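The structure under discussion appears below in the form of structure tokens.
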Amino acid sequence: MIFLTRHEHFNAAHKLYNPGWSEEKNIEVFGKCANANWHGHNYNLIVTIKGEVNEDTGFLMDAKKLSAILSEHVCEKIDHKNLNLDVDFMFGKLASTENLALAIWEQILPHLPYNVKLHCVKLYETPSICVEYFGN
Amino acid sequence: MIFLTRHEHFNAAHKLYNPGWSEEKNIEVFGKCANANWHGHNYNLIVTIKGEVNEDTGFLMDAKKLSAILSEHVCEKIDHKNLNLDVDFMFGKLASTENLALAIWEQILPHLPYNVKLHCVKLYETPSICVEYFGN
Amino acid sequence: MIFLTRHEHFNAAHKLYNPGWSEEKNIEVFGKCANANWHGHNYNLIVTIKGEVNEDTGFLMDAKKLSAILSEHVCEKIDHKNLNLDVDFMFGKLASTENLALAIWEQILPHLPYNVKLHCVKLYETPSICVEYFGN
Amino acid sequence: MIFLTRHEHFNAAHKLYNPGWSEEKNIEVFGKCANANWHGHNYNLIVTIKGEVNEDTGFLMDAKKLSAILSEHVCEKIDHKNLNLDVDFMFGKLASTENLALAIWEQILPHLPYNVKLHCVKLYETPSICVEYFGN
Amino acid sequence: MIFLTRHEHFNAAHKLYNPGWSEEKNIEVFGKCANANWHGHNYNLIVTIKGEVNEDTGFLMDAKKLSAILSEHVCEKIDHKNLNLDVDFMFGKLASTENLALAIWEQILPHLPYNVKLHCVKLYETPSICVEYFGN
Amino acid sequence: MIFLTRHEHFNAAHKLYNPGWSEEKNIEVFGKCANANWHGHNYNLIVTIKGEVNEDTGFLMDAKKLSAILSEHVCEKIDHKNLNLDVDFMFGKLASTENLALAIWEQILPHLPYNVKLHCVKLYETPSICVEYFGN
């Protein structure tokens, strides 16, 4: 069993806002992250897969193919977008880093080849804050 | 003459959009940076001042005081904000990294002590793109 | 189960010195790290907690609150200090990165909210050396 | 149980090439990584060991001694070398990051002191691609 | 006058070797950098241009267009290549970082738009060594 | 004219303290940097030289030789030391980053070969604060 990790990045706007709460409650809980006119981040996405090394290629999986899957199913849908308004797989969800990491896991999972397993989605919102999800 | 540099960072939303142009022209010129619902970045701000070392302190300037000036006059006005909508010193300007660096220079300049000179405002929009302004 | 990580940093002086040993033995074992007049580091502290995402906030825990706990119970007690002389929770301990990581774990543990678990304390002494502790 | 990690780096040339395949098949599978005249990388090697802290030293292991083992048994054999042609422990293997991480694990394992266990060999080929191996 | 910088990267093999010298002299001068079977690096290329901000776009130059020029005239010719054998604009030159930076300057210069000036080519061979060229 | 830069690092303890002032005045001016029992940093030293490329080597100067000069005349005298107590070329000087950069310039200058000029000493005290000195 070996683990392969690929780093990608995207830039997006968002705000943290619970529509079931008043404006005051949102500001109390989320502070400046609830700014009505949005703010944004350069997100770093770090995805790890695991499995056996293929003897013919020396690869668990071609890192370029992993990158292509991440680009098609995550980055192209999310880069230079508004996470609250523009991204179908985030509709109806609070645009926290936690929820975004969980949603990215679901986006990637169906598109990996049969011989690899998704191990971890790690998502940096800023260089000081990141979230990791390893599945259930 | 010695140079002292301080790094700060802020997160903001923006879009690149010339209101004198059609939607089509904006998308043609700015591509996904013109996304109507905004996108955003973790900006890194790197400010350099210059002058003589004070013999009593060994400092050109206390880096904490430089940081406090940058926080008060730049970061607090811009962090977790929308550069096009929320920031008074960007009103009426295209929210490019170039224009933002120029505007930050003007924000900082009046607040430095008399014995130091502002040398450079360097602004990273992403880890791959930065702008520097050294004044006229 | 999701994991949230927060990065903090502090600067401190220390030396590696076993008071039960002779000066010669200390220098033999610890080399220049035993320098009588101390040396120091910019430490990077990376703390990971785990638990379930709160549906109302989308958070495992507000990263700012985690940061506040780390500041109050670790960084404010240790930043710009001497690990051997100034830090109560290191008294009587060898000021190694290993022991410091263990002590930081104990400092943080009682202050986390009931719904999150401390997962890992990771401590970089230099960009090339780090220690991780995951509890017993 | 505590974990200690040491970062090392080396520069090497390689190509990805399966000698049992035609030139066309190699280029089809490995793309520009199969370039006949080689290409190269600044590899970052990150090795983690685990065990108990020694009470007399506060160390799991002296990080300088870990570094010396990595230098002698890995970096000196591989730095400024061609992974396909010059490195005895890679002979007959495809010079992928996966295979290199596995081979480095085998190189390190016999040389660690009895009281520590090798936990992970992590190898960055570029800042965007890394492999981890935790043993069988 | 404002300065815009774009970071790119490429991976290449090379050796330092003066064909007018004996093998012994090459090894004496270049040490392990003269390894007959090559070694390689992840190079970081950092190019700075200067000029006036365009009022309609807020840009000195679209950073994506600068990136496209760097890709077409530098990175595509050099990435995953052997600097001594595969790169036409390095033929007959010692493949040092200094010479490569100078050659990259010449590659870029004819392709910039009339309203910007090339200011600096900065080239990192490793994270600890870089070269800068500002033209004559 | 080409510029070559080499990165080095060292770890040291220091405090900011003007012996001509009272304890109170020192704390008022230097804050926690005046902590009586010292604190410390991982300093990054970045030295740039300039001159002409040698045609036979393709080098301005062998970066390893530059590194050896920096090690012998700076890092070995300062690494794992107390800047106020242990370093001869800092005796009688306030141990600020500014003064340290100036003193390092003087340490390096006499040891460079005749054909290169010292261009810049850049010194990071933390990842957020650096000083540059370009000589008189």
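Going in written order, the chains are labelled A, B, C, D, E and F, and every chain counts its residues from 1.
Convention: a contact is a pair of C-beta atoms (placed from the backbone, for glycine too) under 8 Å apart; a residue touches a chain by one contact, two chains touch by 3 or more.
Because the structure is a prediction, the values reported are computed rather than measured.
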{"item": "Intersection of the contact lists for chain A and chain D", "value": "C"}
{"item": "Angle (degrees, nearest 5) of the CA superposition of chain C onto chain D", "value": "120"}
{"item": "Selected pair, greater C-beta contact count between C-F and A-C", "value": "C-F"}
{"item": "Centre distance in Å when chain B and chain C are each reduced to the mean of their C-alpha atoms", "value": "34"}
{"item": "Intercentroid distance (Cα basis), chain F paired with chain B, Å", "value": "29"}
{"item": "Chain E, residues touching no fewer than two other chains", "value": "127"}
{"item": "Touch-based graph of the chains, sorted into line, ring, star, complete or other", "value": "other"}
{"item": "Which pairs of chains touch, using the document's own definition", "value": "A-B, A-C, A-D, B-E, B-F, C-D, C-F, D-E, E-F"}
{"item": "Contact set on chain B toward chain E in their complex", "value": "16, 18, 20-21, 29-31, 93-99, 101-102, 127-134, 136"}
{"item": "Residues of chain A touching chain B in the complex", "value": "9, 11-14, 32-33, 35, 37-42, 79-82, 85-86, 126-127"}
{"item": "Chain E contact footprint on chain F (complex, rising order)", "value": "1-8, 48, 53, 56-60, 62-64, 67"}
